[in-house]
Each structure stands twice: as structure tokens, then as C-alpha cells.
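Data first, discussion second: the structure below is written as C-alpha cells.
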Amino acid sequence: MYSVTVRDHVMVAHSFRGEVFGPAQRLHGATFVVDATFSGERLDDDGIVVDIGRAAEELHAVLADLNYRNLDDEPDLAGQNSTTERVARLVADRLADRITAGALGPAAGALAGLKVTLHESHVAWASYERAL
Amino acid sequence: MYSVTVRDHVMVAHSFRGEVFGPAQRLHGATFVVDATFSGERLDDDGIVVDIGRAAEELHAVLADLNYRNLDDEPDLAGQNSTTERVARLVADRLADRITAGALGPAAGALAGLKVTLHESHVAWASYERAL
Amino acid sequence: MYSVTVRDHVMVAHSFRGEVFGPAQRLHGATFVVDATFSGERLDDDGIVVDIGRAAEELHAVLADLNYRNLDDEPDLAGQNSTTERVARLVADRLADRITAGALGPAAGALAGLKVTLHESHVAWASYERAL
Amino acid sequence: MYSVTVRDHVMVAHSFRGEVFGPAQRLHGATFVVDATFSGERLDDDGIVVDIGRAAEELHAVLADLNYRNLDDEPDLAGQNSTTERVARLVADRLADRITAGALGPAAGALAGLKVTLHESHVAWASYERAL
Amino acid sequence: MYSVTVRDHVMVAHSFRGEVFGPAQRLHGATFVVDATFSGERLDDDGIVVDIGRAAEELHAVLADLNYRNLDDEPDLAGQNSTTERVARLVADRLADRITAGALGPAAGALAGLKVTLHESHVAWASYERAL
Amino acid sequence: MYSVTVRDHVMVAHSFRGEVFGPAQRLHGATFVVDATFSGERLDDDGIVVDIGRAAEELHAVLADLNYRNLDDEPDLAGQNSTTERVARLVADRLADRITAGALGPAAGALAGLKVTLHESHVAWASYERAL
């Protein structure tokens, strides 16, 4: 199995509902350093799993829609806590939609899986992994 | 699949028995930077795999029992080399016991797996992965 | 010259005023991974520049006052942008006040300088350095 | 499942053929920071998955054959682009050949899998994973 | 003293002349992860040492002129080895020229120093530091 | 000012005397990831501050004398705590002695300073800086 990972980041505000979150119920924020891993069993004729430049552009585009914003106002997360886990899934699902729509070109047809990891600090991170 | 990882560390002395270890047969030591990854298929109603604060506390508690000690004196490793692999398993199994005993609360019931990685330097690390 | 550095982090919301900030004028947030470096020409009788445990506790205490908050509401930054540079200085000055008040014990009397670095992402950080 | 990872690096020149590569069609180069992960279900009597010292030596030997070279001249990659994915596989396959030939000793008989990750920068990396 | 650092990278081929370089006399390559640190005694009215966005753009522009190239063909390094030290200086001097030409705006007038660090691997890096 | 840094590591046991150390008075251990920075105002005719290969070898040789040992038995630290600060100085002084004895060759004559940083974990490190 081959995989390619690209890294970018996003800076957001948010707050959580639920006693489990303690002081994180207050409005605060996070830098999420985001790793998107694209995997597949085969390389294409150019010798790649995915065009790493386009993969980076697509990740950047997905993050641009979230960047410098308060996630409490994000419609796709309405009524939900924008936990690191949920944002990881949101980013993964939006990337998957773009791939399905052809954003990574025909070579991406051989992609089998996608994993998105959000590092919220140097001591905590969360991931969401799904099939493509 | 979702996962959440927390990082902590422990500083221990130990020595190894067996020619394969060369100079590491002498009493020496290590800082293990420890990553514990909790994974599950579903998020709970709060939107989390596991309460990241409690996960960090449980990892810290497990490591506190080993910290600033000579692992050659650790009863659970009697007669065994405290290799990075073995200590990774020891930490994972003790975390699993705590989870089973309810340390992470009812939400942890949806946890499926646990992976513990010990970084012994910037160029070497070992992991142990198990089901929950 | 000797120095000791401890690392911690803080998660905050904020917004900036000024066209130079572009989209960062909107309410957003950041994880600041914070390094505090304490330096001095001499070691004390125990062989340390500063008690690393107490240094970590003092840094943690200073960050706790900022953590999980919206820095737009921080009185010490009223009328000012809470840029990474300014927050680095705020943390450094508050640490210096604590040191002057004796928080690090008598050994800290030999400390000569303090540098605080805030990493706002994997690709950007800012520092403030001052005498003690 | 246990695993052990060792890290080393290699510095190479190369160029790519194919419009997808844009400016990377020109002769350029890369530092690949290489992680080799050896995994198995059991530890041997010494308590290890693999002798970490020998694992590091074998990885170093495989990389020494590529180091300080122009990969456009590498016979095993003739007619192929030396993409990060392909070099990851090349390193993994050469390591696997050495393991099969006994380079890691009899304990390596319990190894089940091998994963090689090449970091081409702080924001991009690729992996190849295979059975042993 | 305040400082702001931005990170980017460049991928180049090159070769060295001189027995001291051993196998690095052959054509090979490197990824340089580049940190540019801008320092000054004062913040401007916006609370910044330098517009971090523009700083990142200027660093990217300087690196774009070197990226995906063979540094043996770089006119500014003709007759010289493109060692990590020399490339660090080249990047610093080109950044300084841009700052002098106004690329970072009037606020940059308060900048006092510039340091450029090139990481050639996870175990080696070089810096060049100069006044502005 | 130019500088070159090389990284290596050492794994040691030790214990501390003094109430300030709390549980670290017990026999424990540490991995020290060690960065040695060599600085000078000029490059030699080859374009280097110091031969990075020889610098790495000298650092490795200095660390080899400490590696896989109990620092409580180190004669040069007799009656002293082997704190991270002290070990940083010990490594720096031993490197300086080697440089004075010609270990880095004649080019090293232009070296002006040496800084050694020991990372004892991902959240704490100490340095010692001296002239050459």
C-alpha cells in the first residue's frame, strides 16, 4: 500500500457545549495543523499515488473555507461541537467530495483511503479515516 | 474510524540482559516520550471519541507509577528486559485496565483500540497496539 | 551562559484591528505552543539555573490565566492587538513579575534573561526577550 | 501488534518526466528523512521485535547505496520517475531482501510487516507498506 | 527584543568541490527547510514586528528563484560551493535587499536583524545572521 | 555570523542530591538529544564554518564516552549533580578541548563560539554556550 501526506494549517475560534469540556466551554480557539493522507494500492504511469501539488492545493482550499473563522457559525456543524474529531471528519469528507468531483484528476481513481489528522497542540491530536 | 492521541513522557533507568544489547547491558536510562492513541468507530453525543482531558490524566497516572525509577525493579517486568516494546505494552495494558474499570467514563465503551508509542530518541521508537 | 527552557501551550480566541491583518480581522483563534527560556551565568549549589519543575509550574500558571479565553477581553491588552509578539511579551513580563516576587526561589536571583517564544503554527512563531 | 521504527536520511538529486510535475521536471534534489517500521505479533526471548541496532545498520546500508547520488542514474529505477512513493518502495523492498537473507538474524523470522516513510519536507511525505 | 520567524522550504541539486566533502562531491541534492527570523526592538502601531503574511511571501519569493534547480548553475554562487552556510547567507542577503527596497512596508524600518536557518536534515542545519 | 549545528543523542542513568529534585533524587534516566552549534564570522575557502561530517564525528565521540552509563559514576562530575545544564557544559567543554587539539582541522581556527543544547524531553531542554 502506498500513501502520500500533505500538511497545512487553519486557525479558528470555537466553544463547546457539555460539562465534560470544563473551561473549553468558553469561547477559545485553536491552530489545527492538518495532515491529509491519501492511500492506494497502485501508482499511476507517472509513478505517483496522487499529484502532491494538487493534493496540497485541495487541502488548502478545504481549509481556506474554515480559516480565520468562528466554527460556532459553521452551518455544517450546526448543533454539534466542533471537536477536533469532528473537524477532522469534516475536512476528510470535504476532501473526499472534491476527489469524487475530479479535483485530483483521473489518477485519483485508484485512491482507496483518506486519513485526516488535526494536531491541536504538541501534546494532542485527533484523526478520522475513511474509504474513498 | 476516529482516534485521539495524547502525549506525555517518563524518565527511567534500566539495563538489559542478552548479548544482542551490547553496551546497553550496562545500567543506563531513557526518556520515553509516550503517545497513547484511543480509537473508535463512533463519537458520543458530545462529539468525542474520548474525553481528551481524562485520557491525558489516565496516561499521566500510568506513567507516574514508572517515572523517576529503575525499571529493573519493576515487579511486572521481573525476569524480563524492559525493552521499549515491552514498556509500550505495559503502558497499553495498564491503560486498558483503567478503561475497563471505568476511568474514562461511559463514553469509553465505544472505544475499539489502543496504541501506545514510546519514542526513545529522535531516531527510534516502538509501539504496541491492542483491542479494547 | 546557561539556559533552561520549558514548553507548555494555551488555546485562545482573538481578532485583530488593522487592514494589514486581512482575514485575521475576523474572530478566529490559535494554539500557542509556548517556550520559556531562563538564562544565567552561574549554576547554584544544586547545579541548576532554575528549578525546572517550578519553572514549568510558573509558566503553566501564567498561561492558565489566558487559557480557553477570548484575548479581545484581556484587560492588559485593552486597545491593543493580541499579536503573537504582544502575547509573547505579556507572558514574559508576567513570568518576570513572578520571578521578582520570589516564585522561583532564591536561586533565581542569578537569572539574567528570559525569552518567551510562541509557536502559532508549524510555520510561524514569535519571541520576546528581556533582561531579569 | 508490536513495531519498532528507526530513522535515517539520504540526500539525492533527480528529475521527473511528465507534465504533472511542473518545475520538478528540472534537475533538483531532496533530503529524504526515512523511517523504517518493522512489525510483528510476538517478541523474541530478549523481549524485542527486532534488534534495533541491526535494524538501524541495515537501513543505513540500504540508504548508503542511494546517498549523494543522482537517482536518474539508478538502474533499479531506469525508465521510471524516482518519486517519493517509488523510492519508499525501493527502500522497503531492499530492506525486505536483506531480512530474507538473514541480515536481522533469526529473531526477524517473526516479523510480519515493513513500512517505509520518506519525508521530503516538513509538509510532505510518502510511505510504502508491505508484508514480510 | 522581538522577533518573528516564518518557515518554508526549497528542493535543490548541487555538488561540492574539495576533498573535505567526500561523497558529497558527487551530484546530489537537498531539501532545505528554511526559517527566516526578523527582529526588532519595537512593535509598530498594529502591534507587529513585521507583517507575517508579507514576510512569508517574501521568503517564498526568494526561495522560488532557487527551487527545483541545480545550484551548480546559480550565477550568484559561481565558483563557490553552495554549502548550507552559503545558501543561508544568499537567502538572507536577498531577503535584506527586498526589505531595503520596501517589500515589507514602512513598518519594516524598525527591523534590526535577520537570521536565516537552513535545515538540511533532521540532524544538521546551518544559519547566517546579519544586521538590517 | 555563521553557524552549523549537528544533532546526536545519548542514553544515561543518574540520580540527584537535593530536596529541590523531589522524585528525581531516585535513580532514573534520560535520553538527551544533543545539538552542538559551532559558530564563526568567516567561511573557509571550501565555503564552510566547519566540516559538518567531522563535527558530527567529534560530537559522537564525546557522547560515546557517556552513552549507556550511569552518570553517578562519571569522575568529571564527582560530587556534583549531573543536571542537564551540567552535562551540557561537560559536552561543550570536551568538544572545545578536542577542537583546540585540532580534531576539526585548521579551518576550525576561525570558530568563535560553541553552544550545546540537551533536550531531556519534548517539553524541557537546557543549553551551555561558551567562546572558543
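Per-chain residue numbering starts at 1, and chain names A, B, C, D, E and F are given in the order in which the chains are listed.
Following the convention adopted for this analysis, a contact is a pair of C-beta atoms (placed from the backbone, for glycine too) under 8 Å apart; a residue touches a chain by one contact, two chains touch by 3 or more.
Bear in mind the structure is a predicted one, so any value in this text is a computation, not a measurement.
Contact with both chain A and chain F is made by B, C. Here C-F and B-F were compared by C-beta pairs in contact; the pair with more is B-F. Chain C and chain E touch with mostly distinct residues; of the residue numbers seen at this interface, under half occur in both copies.
Rounded to a multiple of 5, the C-alpha superposition of chain A onto chain D involves a rotation of 120 degrees. Annotation: 30 Å between the Cα-based centres of chain A and chain C.
Centre-to-centre, using mean CA coordinates, chain D is 30 Å away from chain F.
Shown for chain C are the residues in touch with two or more other chains, namely 7, 122-123. Interface residues of chain A facing chain C in the complex, by the touch rule stated above, are 7, 9, 11-14, 23-24, 26-33, 67-70, 120-123. Those residues of chain C that touch chain E in the complex are listed here as 16, 18, 20-22, 80-86, 88-89, 122-130. Chain F contributes residues 1-8, 43, 45-49, 51-53, 56, 105 to its touches with chain E in the complex.
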